[in-house]
Amino acid sequence: MSCAGFDSATHPLLERVEVLRNERVAQGVGLLVLRSPRIAAGVEPGQFVHLRVATGADFLLRRPFSVHRVAGDAIEILYQVLGRGTRELSLRNPAEVMDAIGPLGNGWRVPAGAAHALLVAGGLGAAPLGMLAEQLAQRGVAVSVAQGAPSAERLVARDLFESVARRVEVATDDGSAGERGFVTVVSERLIEHDRPDVVYVCGPEVMARAVAEQAARASVSCQVSLERLMACGVGACLSCVVTTSTGRKRACVDGPVFNAEEVCWDGSEVPPRH
Amino acid sequence: MDQKSRPATSVSREHAGVDLSVEIAGLRLRNPVMAASGTFASGREFADFVDLSRLGAIITKGVSLQPWEGNESPRIAETASGMLNSIGLQNPGVGLFSERDLGWLASQDVPVIVNVVGHSVDEYVSVVERLEAEPAVAAYELNISCPNVDAGGMAFGTACAPAAEVTRSVRAVTKRPLIVKLSPNVTDISEIARAVESAGADAVSLINTLLGMAIDVRTRRPKLARVVGGLSGPAIKPVALRMVWQVASAVSVPVIGCGGIMTGEDAVEFLLAGASAVQVGTANFVDPTATMHVLDGIAEYCSASGVRAVRDLTGALGT
Amino acid sequence: MDQKSRPATSVSREHAGVDLSVEIAGLRLRNPVMAASGTFASGREFADFVDLSRLGAIITKGVSLQPWEGNESPRIAETASGMLNSIGLQNPGVGLFSERDLGWLASQDVPVIVNVVGHSVDEYVSVVERLEAEPAVAAYELNISCPNVDAGGMAFGTACAPAAEVTRSVRAVTKRPLIVKLSPNVTDISEIARAVESAGADAVSLINTLLGMAIDVRTRRPKLARVVGGLSGPAIKPVALRMVWQVASAVSVPVIGCGGIMTGEDAVEFLLAGASAVQVGTANFVDPTATMHVLDGIAEYCSASGVRAVRDLTGALGT
Amino acid sequence: MSCAGFDSATHPLLERVEVLRNERVAQGVGLLVLRSPRIAAGVEPGQFVHLRVATGADFLLRRPFSVHRVAGDAIEILYQVLGRGTRELSLRNPAEVMDAIGPLGNGWRVPAGAAHALLVAGGLGAAPLGMLAEQLAQRGVAVSVAQGAPSAERLVARDLFESVARRVEVATDDGSAGERGFVTVVSERLIEHDRPDVVYVCGPEVMARAVAEQAARASVSCQVSLERLMACGVGACLSCVVTTSTGRKRACVDGPVFNAEEVCWDGSEVPPRH
């Protein structure tokens, strides 16, 4: 299948970035806007940055975050407060600086001649799909979005999706927004009824896997963005491997976006928390 | 780009006075800062951040005879001032490694030390024999200290006899400088160091990781799929420094210090304790330019304290 | 005052449901949280901050037959997420200890475990014989793992034969619960654990400190007057946890876990790995109420996750 | 010699203290004002607090600082920026809270019937002498001060000493204030000429020792405040021992103030930096 990325890949670099905004946008979710001219200039949809949330021995490892959107010379990050690092991140104030490595990884690819794309987002899986939705729309690709979350207060990026997508269908566990239930019900319906040319998925691995199988049954090409624990983020340490039909690949450089059909779902994902 | 050139010039300008070169096991190195095995791949991944020609040497990821799959995920866990890893020496095997990595490394102006692993003495020997044909290889580092594989690895490094045997056997098939990397998970590391020295090692490097474990109290399962893994980072520096100090006084071959080095001053501590060179590992994950920061830090320390040649620091600990 | 009462009431109120009691070597303890030897003196110094009767047990500073001077200063150094100490078991000797400390401890409603040290097997035995007469003593912890003395200490803890000998000899003179504290500075801690178990130990506690070192690059001298010292604190937790997990599967006597415990969740990690109780050491320096925070944390974890009795957590690690 | 402390000793306690002020008062020296009603209420001259300069693994150990002055419900600390912890301390802003253990240790004692006291301060040794000077003056004890520093910009607590002392004589290494040379020259002169009833000394141990010997020669009683590395600060860990004629004592509880004659000057002090 012939594919094309968006811009030509730029080499990752280390950049001192400045916090422009850091605010709560949903329950337990923050939006971090970082002034980072060089990364913003090169990043493609689906790529990520490796952030040093704080200096000092307390947070030895960096934390990887997808670039949700680019706004001028700034990148936007949607982050869910889960543990020590993201809690620390939620305390960063405007004007503070930290350092970021990016843009990193292989982003989403657009199959030649794709006219209609379905984006399936589970929870914070919406993060790496924001920039993708915008750029697909700009290219005249029809965008549908199937979005799931535990509840209405936990839904993110609503406005962005509403503004660029032809249709947005939502499912929440408690029915407080859209229909009650799993997003996989929505994705299955949308895959069958309006037959997209490509499906892009990000979310909990069980959900991503289910959607991938739906796409496969409908023989629609499907790409998934996977999370792994990452030390280096640049391809050196082999801590982030994903088992694929062609062997173990590194999520940080060979991914995080993979063609669904090559992924062996061996439960090696980050243990889910919620 | 400027990621590279900035430190480069800063050194050449500010630290012009200091002689940073060191000689280890017949290898003359530009400076004492090496990238530690398994944390720098074969350097390519760091070429965007570091001018590789400014490194004393690159030590490759462990290379085995056949391709190794490595362990299941999760493979790492963050700990207080450190991290656990159980990568398990995943590597493409010496054949693919020679093609893919050595070819590229040959075009880089930096000494290449290949970290060698095996399930058996014969495998160590075969890997080295296979690499003898490769001109790009400057030296070997025998990894007899990896805690993350069942057969081989640390098994060779925790007793004198097997440590000596694998060293002797490899020694027999190469004239190239032979470094043996020691495990800290032993009662008496000096004894192991002496054993490999008399078996023909030209130098010893230490420490590899300390065997550790972490548990997720939420899931009540180990954080690593393999349960245990190797602890690295600043947390282990005091143990590493103590062992370097002990080994330096136990053997006469050069000692290469490693363990938790994040800054130039950390490196100077190892040199004072008796190391002739240092390896920077986990720090590369925190800051991809860490090796350059360490190098600049050493140079600054020397010029600030009137040290003409970095080798004068080796073993210069007062007591 | 409220330093004490606050946590006290918080527990009794919020965690009423949870049975925190544990039994170790015949000792029934209120809860699994003990103050680690050498970090809590004999408790008196912490009585302003902690209601001692809320502790599972107090383990005293190491006590020898004659008074010990300890080492020269500096005796400590801060390291990444840890500290080095080379106190060297300074203590007034068993005679003065019994008068001064045991007398006071007798009036406190808390089990007292005396940490025993000696230069020779005979000294260990003599200290215990002398203490047999003291009703305030609930149990003994043989310290065969102190890295900070030349004769005795760790020398007994790094090989099976001497470890077994000192255990057997002390076992012969007391019926009281006998805990042996193991050194992490060994190749195979399980083997030592098995040796002391078969020599009559009722329980093992681990880990003591890891032998480490730090250097002041300014003065180019070791930060500790004795050059090397024992590493403790969060930095060593992964190593301690791994060893507790190994030992718990190697012996059938209870295991008491220790090493870098700062929070209730840290303690729960040790329990899941196979410990029946825990010791809190360095954390007491960071926060004099650390033992209470750990205790409250364990209780909160239990009630939050529906654990009725804390002993159900012991060895409940899933894999 | 019969001695009396100031107030009756209060038990140490753990208090959440709030930063009221933190400002530079001399070259490399900051003044930290902490709202700490309970410690302020009980502290005696020469006692100290054990401060947690930052939470998290980065600064595992607390840092001990003498209480320089008490102002209402606040304590004042004079700190020299030397290393990681004091640098961190210099970054604390008003309204931030940290936790402190105090009051700790044995402070200065006043020999019965003392009418004239000489205070000898070397560098930051002035810190624990501030409150002492004030309270001695209040009791009608005549106070003389011999103060030394590397240079005029490094002199601290000038105003306090000037306001309560009968005479203040200064020596600086570079002569930029007072006479050029060591404070020991000044102390020797003052001990000989106006024969104080007691000498209180704090400063680098070589200097404290020299002054102690001057006092001994003039058979004037002398007290010294000593610094040692401290882990617990409450007497439990034995990291802070001082060798005395009656054995090893703990600087944190048996000191930091000792009678000079009992101190064995065995060079076990904290390695000096400057």
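By letter and in written order, the chains are A, B, C and D; residue numbering begins at 1 in each of them.
Basically, a contact is a pair of C-beta atoms (placed from the backbone, for glycine too) under 8 Å apart; a residue touches a chain by one contact, two chains touch by 3 or more.
What you are looking at is a predicted structure, and each value in this text was computed from that prediction instead of being measured.
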Touching chain B and also chain D, the following chains:
A, C
Relative to chain B, chain with the most remote C-alpha centre
D
Counting only Cα atoms for the centres, state how far chain C is from chain D in Å.
35
How many angstrom lie between the CA centroids of chain A and chain C, rounded to a whole number?
47
By residue number and range, which residues of chain C touch two or more other chains?
80-82, 219, 221, 233-235
Which chain A residues touch at least two other chains?
57-58
For chain C, which residues count as touching chain B in their complex?
79-82, 84, 158-159, 185-187, 210-215, 217, 219-222, 227-228, 231, 233-239, 241-242, 245, 260, 265, 268-269, 272-273, 301, 316-319
So in the complex, the part of chain A that touches chain D is made up of which residues?
56-58
Give every residue of chain A touching chain B within the complex, in rising order.
11-14, 52, 57-62, 99, 101, 228-229, 231-241, 248, 253, 266, 268-271, 273
Going by the contact rule at the top, pick out the chain B residues touching chain A in the complex.
3, 38-41, 45-46, 48-49, 61, 69-70, 72-78, 80-83, 85, 87, 90, 216, 218-219, 221, 225, 233-235, 282, 284-289
